[in-house]
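Okay, so chain A shows up in both of these, paired with chain B first and chain C after.
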Partner chain A sequence: MLRVFLFSILFIQLLFGYNYDNLVLKAQSSIFPKIMLLDKKVQNKLIDNKIIYTIAYDTSDYQTALHVEEYINSIFKGHFDRYPYKINLVDFSHLSPNTEASALYVLQSSTDNIKKAADIAFQKGIVSFSYDVNNLKDGLVLSLIIEKSTILYFNIKYLHVKNIDFIDSLFPMVKFIDKNSL
Partner chain B sequence: MKLTNFGSLSFRIMSSIFIVSIIIIMGVFFAFEKINKEAFYNVELQKANLIVKTIEPLIAIDIYFGMENKIQNILEQLMKNEDILSIKILKEQKEVIEVHGKNNYETLFTIKKDIFRPNSKKKIGTIVLNYSNHNYEQLTHKYTNLLVLMLVILLIIFVLLSVYIKDLLKPLRRVARLLRGFSPEKRLTIEPMNQNNEIALILSALYEMQEKVFDYARKQKDINSYLEAEVSKKTKELREQLFVDVLTGLPNRRKLFKKIKEIKNDSALLILNIDDFKEINDFYGQNAGDYVLKEFAKKLQNFLRDEKNIYLYRLSGDEFALFFQQKPSFRTFMRNVNSLVKEIEKMVFEYEESEIYIRVTFGGTMERDGMLEKADIALKLAKEQKKYFLLYNEKLNIQKQYKENMEWVQKIKNAIKEERIVPFFQPIFDVQAQKVVSYECLIRLIDTDGSVISPYKFLTIAQKSKLYPQLTKIMIEKSCQYFQHKETTFSVNLSINDMLDADMVAYIQKSIKKYNVNNKIVFEILETEGVENYEEVSLFILNIKRLGCKISIDDFGSGYSSFEHILKLDIDYLKIDGSLIKNLETDKNSLIVVETIVDFAKKLNLVVVAEYVHNQVVFEIVKSLDIERVQGFYLGEPSENIDL
Partner chain C sequence: MKYSSKLFLFLCFISLPLKAEDLVSSIFTDMKQFDKIATQIKQNEHYQPYIISVLHNKELEKLGVSNLKEALTLVPGVDMATDNFNNQTPIFRGSNSFAYGQSKLLIDGVVVNNLFFDAYSEYLSMPIEMIKRIEIIRGPGSKVDGINAYAGSINVITYAEDFKGFESNDKLVFKYGSYDYRMGGFVKNFRTKEFTTYIDFYYQKDNKKISSGPDGLSQGLLGAGNVGLSQSGKAPLWLDEYSLGLNVKYKDLSFKARILKHKQGSAYGINLALPQDSDRLKLPSYYTELGYAKKINNFNVEIKAGLQYGAFDSKSKLLPDGLDMGSVVFLDGVYGEHYAKQRVLYQSSYVNYSGIENHQITLGYRATQEKTVAMTSKLSNRVTGDATLVDYTDTLPFFDKDAHRNVVAFSLQDAYDVNDKLSLLYGVNYERTSYKDAGFEPRISFVYRKDFKNIFKVIYSCSHRNPSWQEMFTKNNRARVGSTNLEPEKVTSYEFAYIRNFTNDSYLQSNIFYLVNKNQIYNSATDPIYRNSAKTDIYGVELEYKGHIFANDQVYANYTYLDGRHSEDEGKKYNLPNVSHHLAKGYYIYNFSGTLSLGSTLKYVSSKDRAKGDTRSKVKTYTTVDTSFNYKNRHYNYTLNASLKNIFDTDVRYPSPQNTYVDDYAQARRTFLLTLRKSF
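Right after this comes the complex of A and B.
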């Protein structure tokens, strides 16, 4: 019974939790904050002189979000370069324009949630990162996959957004996509 | 020839162009080499820098993101550039990756660039790029080759140009060679050029010039021939004139000399001079004078035309000579002279509306030696003695006198030059005061041996030789200077010529003022001159007395003067002639004359001076006659210095 219970929990987990690739998560945890620092206007996004790195998740992905937080802390140890940061884990259901965020990292979720996160990020004028590259079509800015090498994807729509200005040297690194290419 | 080549036009042109071009090329070469080498180097350096700058952000971001594997790709792509020898990425001083190219050029330069974290100034690594110098070396090598090639081409052009210029100037050299052989007598063949350039112009001009030169030379030749003929003609005329008197056509003095030299036997000479011919010129005019001379010559020639022994000459001015080729007897000679005299007396010269008569004086000699001089002496003596003819003989002793006169003239001249004409001073005593009150300045000539020469020996000669005025000036100057600061009067003798000579009068006045002796000086003038030239003397006295000077009449009683004349002259002193004073002792008549003079003088308030008082007896007589002043050897002889 216990086995069944545990298996069912796992199954439920499996049924209701997305299957995240740890390697990708680690790479994204390592790279996304760095990409955020490549924004020339990063200073404008500080909240109380801190970078609030907000991770949006579904309830079922809470653990994943925690893992991501752990990864980030282990790599960056409280500072993105010279900026102190705070990881802000926010459930999609609580995500709103009032949510504090200097940057938004979006784990997997429904299309509506993704769109909502993308809109909030857009309104706030902050960079939004997506775990899933396919979510870029819904309005998120950057994503990363690992194939033979690490490939960064950039939503071309956000190339000339008002409050986001990446350094030029980023762009040779990235692949630009729009909703049609996904 | 070599020297000529170096100086040739073509050489100069070519060498100038060559030198200038070499300078320009070398300048360009070095300038460009320096500039271009640097430029080429910089280009390569910039290329390398550009590469590094380009890859740095990519590598930076790869390092930043930790995607070091991507760096390898980038570097491998980069190594396709064959100029990149190697590239190394260092992260925190440790080598991350290094890639080497295929090429292995020896020369290279290394570019190092720091890698900075994107959007940050933090250094995260270093790129070290080794870039090959190969391109640079190739470029410079190519450039140098190009310049050398240019130089070679330029040299070839120069050579060709020099040949061309030499060829262009060839006609000029040809013409120069041709012209060397030019002579006004030999026409050169100048071939015209069928070109329309400067050399053709020169040749054409040369041809024209040659024609003009020839023409000119021909004319010159004609002129020269004409001139030569004229010169010959004139030379002949001059030769003739040498011995011919132009006015009368008679043979001249030179001809006579020649004749005398040629004739070895005894002969005789008669010189005749037209008396006062100057007056004829002055009165009737020069033309009349010439007319008289010409006519006189003709008449003489006519008169002598039958005399084969007598040759007529014109010596000068108004002098003619008759040369007796064979010495005639004295009687014949005198007959000729007398005939001539009579003939000349009859001669009438009608000039315009005047009739002119002449008188002639003759001087002759029958001695061969020095006949011209002797005849001349005889003539002069005849004039002096107012005779119409004098024949020269030794007894006249004239030559000796002439010689002596000449010697004295030289002596006087030397004495003047050597300042040996000096005044001697003879005291004049005041009888009443019994002291010297004045001095008479008497001229003396100090001979070279120191002896003192009295004026009677040289004054006459001085007058004749016109040295007298100089002596007067010396006396005036030295006497005034001597008595300038002495408190006594002094007297100086003046002649009528002195008084008539404006220059002398001015000199006297100037000297008086210069030495400020106006009130000390007394001028002694001879009584006879005062009588003969009353007007002039009177004027002189008037002017000189205005200056404060005094006048004394000297040798009074020696002439046949009228007291009335003396009355009119404003004199201060009266010096009784020495000849009267000397004879006072023995001659009663002299005494009477002297008494009369003294009486006359006193009435006129004139101071009387007795000269030539030579002994005590005469002195006593003079005293008794109440003569105020005395002068003479008894009281004092003339001496060079005085003791005041």
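Right after this comes the complex of A and C.
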């Protein structure tokens, strides 16, 4: 009986999406691409002279990923500053070190999938953004939440990582967080 | 070539940091913009310096919630009460259920409490489809703009609220339900670059009648000889109303207006005798407000001026055939027409100064002139007993036709961010009226954010409620007699809150409150003169959880425990009358997919003690369960909702005062509602 119950929960999780806050999604869609451009090594991360902004999503969250793509396109209209970009929607099950990405935006999923995404981003030396701030503890770099005001959280583990080197002006805007405080 | 390469490199070096600074500036601007939206839509409710709950249309529609009243019954600590007019009012945290104005209702920032009762019953039927969001502050809470919230305030935000990138769809809605309920309405926004116009309209009517009685005559209100005339039967609780709202914004100017033509059955009777089916009470409400908001350097200036009209307009058979008043017998009963029209003019000016680092200082005033502008009083002939109406407007008016009051309130407030973690809000209100003054009322609140998961609030505030028109100016009436010597009701509140955020959208909030209420205004069927006759000390705990069980559902649950003591002039203390000690509410929405969902609401309201001297047994505990099925067609952009309310057909009763309707005021049993919404 317990197995049936647990299976039901798992099945339901697979079939249907996680909950997302519209305002947070819009804020992240508006701000994360700009933060990516503050990476001093962004030039090195272009693929065919384009930024590939990859969104990793759970199968059940495909509609949410599409919404995020729409938000980004409505704001940036094809260019992150002077760089043309392409949005690449990738299901976690297809995410691999070979996935093209100049930056990775990670929607909600299981801990294993989040860790997998964080590892891939780290290996590729690209910035990873998380919808849920709690997922920074699994190795993602940046998140944004709306508290009294809009707060950017930066995973302190990445402060001195070779391939991710942000300009100094970013740091007064973020709050550093380590996995023990999550 | 050599030089041009060097020039290029030089330009790269100087342009890169400049570009980066532009980006940082752009991110900063975005964050400020999202801060502003989050504050306005109360997304950051947990960081606000008061206890607030926010209900969103999206969830309410899925739950089959039909109108504002139904939505408010989901709020922690809020119970519902009614009276013989069916003047329904939300009761916040055990507040005085006979003092309607202890909570304020604002629609898009305009206070709509009517002057006559200081109530807003006529707005409780506002369809949920016209409402984008409801912000409910419990406790004296926000006192910005000279508006005194005593026990709570309800801010209804319509779809006139419009942010770039967050535009709402236009909407058309039709509803059909029990008691032959029919409703049709729409919301529509017109936008140009500098001009936005919003219109909402709805019309709704039903034929609700609920078995009630025996009526107040059974309690010997009009003498033992008339007890036999007491009736039981269907109380006319029908509704027939329409409303047109308009909001226009052009640059720094705004204009808000609403016409509400509200007509309802005479319910349980002005004189507590069951009225006829066609007897009616009109509570029309009209308002216009012109606003100007301008940011000049570090100053934000907000100037408003408004005009409101409201009326009490009753036409009914007041007492039954054969009423014997000793010197005269009314063989064909007593009929009456009572009309009192009120006008409110107000003007407010507030300046917010943000030139001192981490401070937001707000200073201003609100001046109000309240006046009765028309009054008629007609009654069956009091001398001969003939049922034909006689005009008693000048000789025996039911209301003071010269009633007027001027109020001016000054406020000074500073919101101070001490550091990243601690915010402080402190200030004082000072109010003078042409009758009794409330004087100085201080307020201070602390919000401490230990981290993003743990937030603490401590609030101390004082507030008051000025007596309503009914409590001051009614006369020549057996049920209620006003007094202009009434002091304002006063409250001092102490609140502590702890909020534990689990994720972006799940939290547990716990509040402890202690309220000291003085000068509480009461009257009774045997002593109809309103007096400042009671004090109450109320304390309690509220728990509120919002989150998920599964990824695809939404859970909301709250529980309130409250208790206290009620003391009257002689100093003895009693249990709080007409107050439930335990309130538990919640809802669950299960999203089968993006198109199908099933929602359920549960409300538990525990029993209520009676007032001192009332020997009736307690008002009974009740539990109601509603359920709703929602289908959204994304292709054609329409939604169908079918809901069943009170599915177990529970007998819900709101308490009646002693010596009136002895079996209390019965509410609707099981009902259904069908809704069709089309978005454009």
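Remarks
To be clear about the criterion, the second predicted complex is superposed on the first by the 166 of 182 C-alpha atoms of A that agree within 3 Å, B and C clash if a C-alpha of one lies under 4 Å from a C-alpha of the other, contacts with A are read in each partner's own complex, and residues count from 1 in each chain.
Rule of thumb we're sticking to: a contact is a pair of C-beta atoms (placed from the backbone, for glycine too) under 8 Å apart; a residue touches a chain by one contact, two chains touch by 3 or more.
The shown structure was predicted, so the numbers you read here are calculated from the model rather than taken from an experiment.
In the superposition on chain A, A:L23 makes contact with chain C only, not with chain B. By the touch criterion defined above, A:I145 lies against chain C but remains apart from chain B after alignment on the C-alpha atoms of chain A.
Comparing chain B with chain C, more residues of chain A are touched by C.
Of the two partner chains placed by superposition, only chain C is touched by A:Q63; chain B is not. By the document's definition of touching, of the two partners only chain C reaches A:D132; chain B does not. Across the superposed pair, chain B and chain C both touch chain A at residues 30-31, 34-35, 37-38, 81, 149-150, 167, 169-170, 173. Within the complex formed with chain A, the residues of chain B that make contact are 57-58, 60-62, 64-67, 69-70, 117-120, 122. The touching residues of chain A, counted against chain C in their complex, run 9, 12-13, 15-19, 21, 23-24, 26-27, 30-31, 34-35, 37-38, 60, 63, 74, 81, 108, 131-134, 145-153, 167, 169-170, 173, 181.
Contact residues on chain C toward chain A in their complex (touch as defined above): 17, 19-21, 23-24, 26-28, 30-32, 34-35, 37-38, 41, 43-44, 46-47, 165-166, 423, 447, 449, 451-452, 503-505, 548, 550-552, 554, 591-594.
The part of chain A that touches chain B in the complex is made up of residues 30-31, 34-35, 37-40, 42, 81, 149-150, 167-170, 172-173.
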